[in-house]
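Shared between the two complexes below is subunit A, which has subunit B as its partner in the first and subunit C in the second.
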Partner chain A sequence: MIQVKNLTFSYTKKPFIQDMNFEVEEGEIFGFLGPSGAGKSTLQKILLGMLPGYQGSAVVGGVECSKHDAEFYQDIGVDFEYSTMYEKLTAKENLEFFSSLYDTSGKTDGAQGGKKKRDLDELFAAVGLENDAEKRVSDYSKGMKSRLNFIKALVHEPKLLFLDEPTSGLDPANSRLMKDMILEEKRKGKTILLTTHNMQDAAELCDRVAFIVGGQIYALDTPHNLIMSKGAAKVTYTWLDDEMIEHSASCDLLELSQDKRLKNLIAENRLQSIHSSEPTLNDIFIEITGRTLV
Partner chain B sequence: MSSLGLASDRVSTTYKTKNIFFGRFMKLLIWDMRFQMRYGFYLLYTFLTIFYVLVLTALPEAWKGKTAAILIFSDPAAMGLFFMGAIVLLEKSQRVTSYFAVSPVKAFEYVCSKVLSLSAIALIVAGILSKASGCGLLVPALSGTLLASVMFTLFGVIVATKIISLNQFILFTVPVEMFGFIPAIMHLLGVTPSIFRIYPANACMELIGGMGISVVGIFLTIVLIVVLFVIACRCVFKMWQEQGGVKI
Partner chain C sequence: MRAIRFSFIHMLRFVRKDMMLLAAGLSPFLIGIAMHLGIPFIDRQLTLFTGLQNVMVPYFGLFDILYTAITPVMFCFVAAMVMLEEHDDHIDRYLFITELGRGGYFVSRLMIPGIIAFLVTLILLPIFGLSKLSAVDILFLSLTGTLQGIVITLLVVSLSTNKLEGMALTKMSSLIMLGAIAPYFIPRPYGYLLSFMPSFWTGMMITENSPMFVIPAIIVSAVWMYILWKRFETKIR
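For the complex of A and B:
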């Protein structure tokens, strides 16, 4: 679906995106992870054909991004991090308007070019906004706008979805609902490009992730492989000394039997707590890039 | 297009492309009119038209023709210049322009829709005022209004894409008003030499005021409109690409 080869882009004389190479398969959820200013948005703009002055190649759906026409967007859905709605219109009017911009001249999603439009009522119900569809967007909360923005990207049944921080500003229940919807879209065969700071979301949703810092890809693999390749699971335990002061220590799970202090604490029945933990994607990101996701 | 391609199942015949264009353009036009209705444009012009008709009714017969021409030229015909600023700034502030940048809408569809939707209001109001004045012929007056409306709306689009605040818009439209309104009103009052009939604003004013038809003037007006249309489309495309923020 997407092929990027030797991609370099610069706003000034200094390269902002440097020699990027990656491919995204059809039906894959691919995550761009990186701190602010890392180049994620620029990369997304290049793939959306909005920054044609790049070097190298960026091909989306067989079309070189610098040479696309407006019909290129017929099969692309974009969920911006911010609201892109007419505030004075109702949510339903907004979706009716934006869905009317796409070619739906055919009756089926078949080879004749026309595509099915998504049922708006179903989409509203899917994100829990069925009772708010007739409300003006200006009366929506941030979380409601975020959900509305997401379904707006789906109204024309795109094959490729760009999602920018889709769970930002959502409470845990709606965040869960949104993630389930993203996974459902993947099951339907959509290719999804996810840009996020949220490592937990990325680990849960993405088939593969790319760590981007300073316009370069530092690592690209499945979240599981990244975690397993860099860190062993650790065991952390705490105990109290004679003066009732708490201490803690940790060791690798594989070297647990060689930890004499732990053995003694178990023998003396002095352990206060003990738990094992795998490194998170965030730990791996920091280890590989030396940066935090701020 | 590749087999993986997004466009693999598109039919690219000219007939279909034209259908898509007209289908989308008509939808844009209808929605633009709905937005304008929702934002009170039609209500505002209903009140303004009633007010203008009352003013015209109260004037002596000898004054009606010229007053109606000035009213039509400076308000409904030029409304696009002012309202495009409000419309585009509103879209910028609500970041709708970001979405247009990644939609199949083409810049010329967007510009045509805006121009025609505002020109529709201009034509209705101009028609009523022309009838109320009882002077001149309706068809030339409406033709002049349409040309002036398209011209001023395109100026409005160009200026609106370049600015980030209402204050800037007001400032940037001053030269357009000076070069658009003053010569045309002077021409209507007969204080400019006949050579200035070819000046586009004057040619429009002649039509609205029932003063005659300057073929060269109309030709130059159409040339200017074509040039402004090309510039406006480029400006809109650039604005979408930039997706800048805005202060109102």
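For the complex of A and C:
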């Protein structure tokens, strides 16, 4: 769905995106992770055809991004982090307008055929806004605007979704709802590009992630492989000595059988607790890039 | 075309909900009536009080020039305010990545209002105009007025960062219309100091009774549009 080769872009004389290479398969959720100013938004703009003055190649859906026409956007849905709604209009008026900008008469719905456009009432209901559709957007809370922004990206049933911090500003229940909707869109075969600071979301949703810092990709793999390649799981255990004072120790999971102390404690039945722990994606990000996600 | 049509219709619906913009859109009709009835009335009253004949008649052409400028400016002011509101709410950038696209957006927000302003001026000027104008004069006055309206729109949307600033800047940028006064009141060659204003050449067109001055008016407008367009492109990048 997306092929990026030797991509370089600069706002000034100094390169901002440097020699970037990656591919995104159809039906994949691909995450861009990086701190503010890392180049994630610029990369997104390039892939959306908003910054044509790049070097190298960035192909989306078979079209070079710098040479696209209006039809290019027929299969692209974008959920920006900020609200992009007419505040004076109702939520439904907004969606009706944005939906009207897409000509879906040529799209068919698989075997059933016919026009393919999402039912707005269904979309409102899917994100729990069915009773607020006639409210003006200016009366919406931040979380409601986030949910509305998300369904706006779906109105024309695009094949490719760009989601920028889709769970930002949402309470845990609505964050869960949003993540389930993202996974549902993936099940329908959509390709999703997710930009986020939230490592938990990335680990949960993404098939693969790219760590971006300073306009460069530092690592690209599945969240599981990244975690496993850089940090082995550790086992931590505690026990009491003869004076009933608690002690703890830890060892790598792979060297567990060589830990004589642990063997003895098990044999003497003196273990108080034992648990394993894996490094998080955030730990791996810091280890690889030397940066935190702020 | 479909996206452009819906985008323009949406702008009209949006304007209908905003009383200030609605009033601005209707103002050319009200100004036309006021000018058509008011200026000759004032002229008669001045004749009555001063005993002088035709005090304002020599300037009827200038009133017509200003009227042909005001109609597009008001229409384009409405478009500029909608564009600034869309910029404030990040909607313009979103519209660029729909099937409307960047080009379609500017067609629906600048070109169509400009064409409508041109047609409305073309219709209203013979109705409300004060001087005897030929068909060519009416055509060229409507054209240069429309180009000037687009210049003012670009000036407002490229230099102001929000709607409030835009409203203030519209008032200031409307001074561009005053270039038309120079050929009437400022002796040449000093009047040429205002030749960077498209309206100066419109004034020359009427005072010199030469339609050829439409050419520099178009060229000066085109230069303004190019410079302001480049600035606006940088702003929305």
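A few remarks follow.
Here is the rule we use: the second predicted complex is superposed on the first by the 245 of 294 C-alpha atoms of A that agree within 3 Å, B and C clash if a C-alpha of one lies under 4 Å from a C-alpha of the other, contacts with A are read in each partner's own complex, and residues count from 1 in each chain.
The rule is short, and it goes like this: a contact is a pair of C-beta atoms (placed from the backbone, for glycine too) under 8 Å apart; a residue touches a chain by one contact, two chains touch by 3 or more.
Predicted model, so just to flag it, every value in this text is computed and none were measured.
Once subunit A is used to superpose the two complexes, subunit B occupies space that clashes with subunit C.
In the superposed model, A:Phe80 lies in contact with both subunit B and subunit C. By the touch criterion stated above, A:Met50 is placed in contact with subunit B and with subunit C alike.
Looking at the shared chain after the overlay, A:Asp103 reaches both subunit B and subunit C.
By the document's definition of touching, neither partner reaches A:Ile245: not subunit B, not subunit C. By the document's definition of touching, of the two partners only subunit B reaches A:Val63; subunit C does not. Applying the stated contact rule after C-alpha superposition, one finds that A:Met1 touches subunit B and leaves subunit C untouched.
In the superposition on chain A, contact of A:Glu71 is made with both subunit B and subunit C.
After superposition on the shared chain, subunit A has more residues touched by B, the comparison being subunit B against subunit C. With both structures placed on the common chain, the touch criterion links A:Glu26 to subunit B but leaves subunit C unconnected. Aligning on the C-alpha atoms of chain A brings subunit C into conflict with subunit B at a single listed stretch, 205-213, out of 43-51, 187-195 or 205-213. Under the contact criterion defined above, the residues of subunit A that touch both subunit B in one complex and subunit C in the other are 48, 50-51, 70-71, 73-74, 76, 78, 80, 82-89, 97-98, 100-103. Listing the residues of subunit A that touch subunit B in their complex gives 1, 26, 48, 50-51, 60-63, 70-76, 78, 80, 82-89, 93, 97-98, 100-103, 105, 110-113, 152, 159-160, 162. Against subunit A, in their complex, subunit B makes its touches with residues 1-11, 16, 19-20, 23-24, 27-28, 31, 34-35, 38-39, 94-96, 98-99, 101-106, 241, 243.
Residues 48-51, 69-71, 73-74, 76, 78, 80, 82-89, 97-98, 100-103 of subunit A are the ones that touch subunit C when the two sit in their complex.
Contact residues of subunit C toward subunit A in the complex are 2-3, 6-7, 10, 14, 17-18, 86, 89-91, 93-101, 103-104, 237.
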